[in-house]
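Let me begin by handing over the structure; questions about it come next.
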Amino acid sequence: MTLMTVEGLGIDFGGVRAVDAVGFAVKPGEIVSVIGPNGAGKTTLFNILSGVYRPDRGRVMLDGMDVTAMAPHRLAALGLSRTFQNLQVYLQMTALENVMAGRHLAERCSVIADLLGLPASRRRTRETADIARGLLARVHLERAAEREASSLSYGALKRLEIARALAAQPRLLLLDEPAAGCNAVETEEIDALIAEIAAEGVAILLVEHDMKLVMKISNHIVVLDHGEKIAEGAPAEISQNPRVIEAYLGTQAEGGHALC
Amino acid sequence: MRLKSTLAVSALAMMAANPAAAEIRLGAVLSVTGPASFLGDPELKTLEMLVEEVNAQGGINGEEVVLIHYDDGGDANRARTFATRLVEDDEVAAVIGGSTTGVTMAVAPVFEANEIPFISLAGAVVIINPLNPWVFKTPHTDRMACESIFTDLTARGLSSIGMISGQGGFGTSMREQCIDVAGEYGIEIVADETYGPRDSDMTPQLTSIAATDGVEAVVNAGFGQGPAIVTRNFAQLGIDLPLYQSHGVASDAFIELAGDAAEGVRLPGTALLVADLLAEDDPQHAVVTAYRAAYEDRFEEPVSTFGGYAHDAFWIMAQAIESAGSTDGAAVRDAIEATTGWVGVTGEFNMSPDDHMGLDLSAFRMLEIVDGGWSIID
Amino acid sequence: MYEFLQFVSSGMTVGAVYALVALGFTLIYNASDVVNFAQGEFVMLGGMTTVFLYDAGTPLWLAAVLAVMITATVGVLLNKLAVEPARGASVVSLIIITIGASIFLRGVAQIVFDKQIHRFPAFTGEDPITVAGAAILPQSLWVLMGGAAIFGVLYLFFTRSVIGKAVLATANNRLAAKLVGINTTAMMTLSFGLSAAVGALAGVLATPITLTSYDVGGGLALKGFAAAMLGSMGVPAGALVGGLLLGLIEAMTAGYISSDYKDAAAFIVILTVLFVMPRGLFGRAVAERV
Amino acid sequence: MRLSPRTWTLIILAVLIALAPVTFPSAFYFRIGALIFVNGLAVIGLVILFGYAGQISLGHAGFAGIGAYSAALMPMHLGLHPALALFAGAVLSGGLAFLIGRPILRLKGHYLAVATLGFGILVFIVLNNEAQLTGGPDGMAVEDLGLRAVSDALGLGLRTAEVWYWFMGLVLLLGAFLALNLHTSPTGRSLRSLHNSEVAARTLGVDVVRYKLTAFVISAVYASLAGSLQALLNGFVTPDVAGFLHSIEWVTMAVLGGAATVLGAVFGATILTALPQALTVFQEYEHLLLGLIIMLVMIFLPAGLLPSLGKTLRQGESI
């Protein structure tokens, strides 16, 4: 039973095919990585899957339902959550509030009750705060709970964003370079965290440049180059695939991210 | 803390001006800036000039007159605040002001509630009708301006007119009054256009009026730069009809701004505009010539009808305080109501408990602009 | 038919002034992301300074040149004293600064000049030219030609001259411009000076028709801002089209529908356009980068 | 016991409102106080729209105009009690905000600014032009709300200006209470999250159109109530209440005080309401100085007065 199926997906920007004819599938509890050189269209793909961009071609199915070009908030309601490559943390809110805001879908309250500060609304806020504290602990940020996000380190913000995405209790989690800018210890923590999340049955779609991480935790890898899928398969197959190696060697600028 | 200290600062600023012995505190709320500054500016200058003059002559009843004035910027809400300030904080004995009808109507209840005599400088008839026991006014009503124009039209055998009015309070109110009173003079308004207070081209409206069948004359209700532009556009379009302006076109500045286009324009004006044309034995000759000379000498700008309203308001108030012998509100009010046969620059005032303006149509003189100057039509 | 022509000529003349004010907004916006609500005051300063110099006996052409130079200096000072020191402030804070500047300049003008309404003579006579029954003032042609010339010269400046290209580069990407060695601070100063000069020129050209006083700036800023947004903020061609369109809509509404609601018609058109094209007539859709 | 920022803000406001009259030399100051509270109410509404949800409006005086003229017209033509007219006006404003909000709030930044500005001007034009109904630019009288009568019936022995001061003070506290509740509520978090990152909020399930609309409607109701109350306080109303300058004044109050907080809103309203009164001593230099002060504050305290002062105080403590 697949959770998400992507077929022939494509989008153009000013005549350039940023993503073209991409297809793959994700099952619950599975970790699928999308890799490729810079500019291969990975983030664009994520933006389409999360509803931020409307694709020009192809379709996306979630649970057998066509969700192509559905608005992001409706996709979120169907259990899709994501993080961002360039961080979209709520900088002027505290770490705790960031994670609490991730609980949005679970805590629908009436505006009137919120304005009046009715007990129901305040109880809901307390409950959400408790859950959020738990999630902060899970990403080792419990001590930063009351700090404004703008004062946190880059690595902490990365983890905060994961916690916020988890707060939405997703069935499919899109992680866009969760380990970028993290040191070895932090990367290992994130590695463990991702595995743990997947073990709970959440499907994970991962964009990551750290190939060690990718090769270690992925069940399945999709390789993009110039917007097209050039290979797909288990980590062992991918690391041997000549087209993949060529794509990576062809872009020397990648430097530190070379395939290992 | 902040709230208190801010207020304390302004309190200190105002304390400096607290009542001393033997002075008459005269308040003024005027639209010195904003869209009605065309009215408020000469009004304030006139009041300041006259207060100095009176004090140089030993004040009123031996007491110095102190003028406390605020600029409402033409905003009724601000004017109301300043009215409260005049009454509660400055403890004035009498108030002149309200450059516009809107401002006047907003502040009048404050003075009524505190029984302080108030002379408004605004035109609309609603200020004195229904009668408010504490509220007077010195300008003609806009209804009288309409009547005056319509009388002249009738004399010329014209009965079908187009109107173009400013969208400000002055133009809107006069437009309504003209429409209201037109029937009594057998005048039909066949075209009715307006323009915004900051518009710079009225040719579309005038083109429409000129294209309307049967228009025999055009009447423009408004003040400020609007009438000058209307007049210029009128000439530009070569419209060959009599053009009437209102008393809002109230100074030589209009002739300067409208240039040659102003030739032949008629309007109901006050004696002030034609001071040099008045016969020596004209009852208004002395007062008009004196005010005009004093104002133009001091401020180096043409005197305006609006300053004239302030002139008359000031002297009516001053004389009332003098004859009342005190600044007791009711006594001053009664003295204002007793003003009869007093000749001001606007006309002869005959106030009464039922008439808080005291002017009649004779105060208006129909003027025509000829060779870049005023002339009187009889 | 002559009516239509008359309305067109009225709308174009008024619209040309709006277009120049809108252009002033656009020049400053491009260089600094600041929406300068003091833009109308530049028009006022141009007109009023010319009036007072002319009345003091300066020949009209010299008075006009001096007025433009003085206003450009005011523009530069506004940037140096009020906008540059506030760099890093939010866009809204910068807008409030320019609103403060507008109140300040008006306050200064009412003291330095006066509160009367003024004009100076038209450049080439007051006798209207009749074209197919429509009467057009020679000064209207001055406004239209002058406006066209300003747009033309600026177009050449931005596309042909090195400095012009540097200003454009700054507008496109400030960081990149800095990296290739463009003095972006100087470009900002230049833009403020240029924008103020354009505003002052509008004031000089239009005053014989529109008259001027210390407080004409606010209304012009409002219309100019609306025109700039209609044609997409930051696009000079948009300023031109937006300004002329606004003027024409007002004139046509006043002529054919209702003079009471001509300003309303202008804003209804703007709202309608924005509902259909959220970035204005000349705006390009930009994909969100996340 | 540790008090929440919400409780602190309410206590500070209540104490200031209660103690300020000690320094008042005359009834005029009670009017200034009441006006500060009226403006403060509208600016708190703008804080919800602008500080919480990050959406600008240059046209909220339009809603004030609807509120003010509802309070003036409904008692006259429908025989409604002014108090009811006040609420009817709020419903009308909220409903209108709901209708126009959907298309307008799709716009961003300066485009949103010009669209809201256009809306405000349209309201002003209608109020100004429909003279038969509204009295046109000269305005119209507004029926008495009857506050003084209530006060007298209760034997409070207060003057009219004082009654209004205390009444408006209570209304302001209520307005602050609601806005503060909202801040820490689920809705408030959603508003602030879409302010911080609209795209992140969307992917976390926030229906941004709906939430922007919510903030827009709430702020419109605040503005409408402020407009109604100003009209009732003055007993008179002119179309200026809906004017562009009035909108700008409120936005300036919000930004000057510090746009993100309720206390900043009241602070900004206080400064910009009281300052012109203090500046009158400078006569014709009044406007020049007002412009200068606004510029200087924004140049040197770009985050607004209250946050900047707060930061200075905190730094002072830590040293």
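So that you can tell them apart, the chains are marked A, B, C and D in the order they are listed, and the count of residues begins at 1 in each.
The definition used in the following text is that contacts are C-beta pairs under 8 Å (C-beta built on N, C-alpha and C of every residue); 3 or more make two chains touch, one makes a residue touch a chain.
Note that this is a predicted model, so its numbers are computed, not measured.
> Could you name all chains that are in contact with subunit A and with subunit C at the same time?
D
> What's the overlap between the neighbours of subunit B and those of subunit D?
C
> Using CA atom means as chain centres, which chain is nearest the centre of all the protein shown?
Central chain: D.
> Please indicate which chain is farthest from subunit D, where distance is taken between mean Cα coordinates of the chains.
Most remote chain from subunit D, centroid-wise, comes out as A.
> Subunit A to subunit D: how many Å between their CA centres?
Averaging C-alpha atoms per chain gives centres 41 Å apart.
> Indicate the whole-number Å distance between the mean C-alpha point of subunit A and the mean C-alpha point of subunit B.
The answer is 72 Å.
> Centroid of subunit B to centroid of subunit C, CA atoms only: how many Å?
35
> When the centre of a chain is set as the mean of its C-alpha atoms, what distance in Å lies between subunit C and subunit D?
About 32 Å, centre to centre.
> Residues of subunit C touching 2+ other chains?
110, 260, 263, 288, 290
> Any chance you could list the residues of subunit D touching two or more other chains?
129, 199, 284, 286-287
> Quick check on subunit A: which residues sit in contact with 2+ other chains?
52, 84, 88
> For subunit B, which residues are in contact with subunit C within the complex?
32-35, 37-38, 41, 167, 193-196, 198, 200-201, 203-205, 207-208, 211, 224-225, 228-229, 232, 236-238, 253, 257, 259-261, 301
> In their shared complex, at which residues does subunit C touch subunit B?
3, 6-7, 9-11, 13-14, 17, 110, 114-119, 126, 128, 135, 137, 206, 209-211, 213, 215-216, 219-220, 251-252, 254-256, 259-260, 262-263
> Would you tell me which residues of subunit D are touching subunit A in their complex?
Listed in rising order, the residues are 177-178, 181-182, 184-190, 192-193, 195-197, 199-208, 214, 218, 260.
> Please name which positions on subunit B make contact with subunit D in the complex.
1-4, 6-11, 13-16, 32-33, 70-71, 74-78, 80-81, 84-85, 87-89, 100-102, 105-106, 109, 113, 124, 126, 167-169, 172-173, 176, 194
> Can you check the complex and tell me which residues of subunit D touch subunit C?
So the residues of subunit D in touch with subunit C come to 50, 56, 103-104, 106-111, 113-115, 117-119, 121-122, 125-126, 129, 199, 244-245, 248, 251-252, 255-256, 259, 284-295, 298-299, 302-304.
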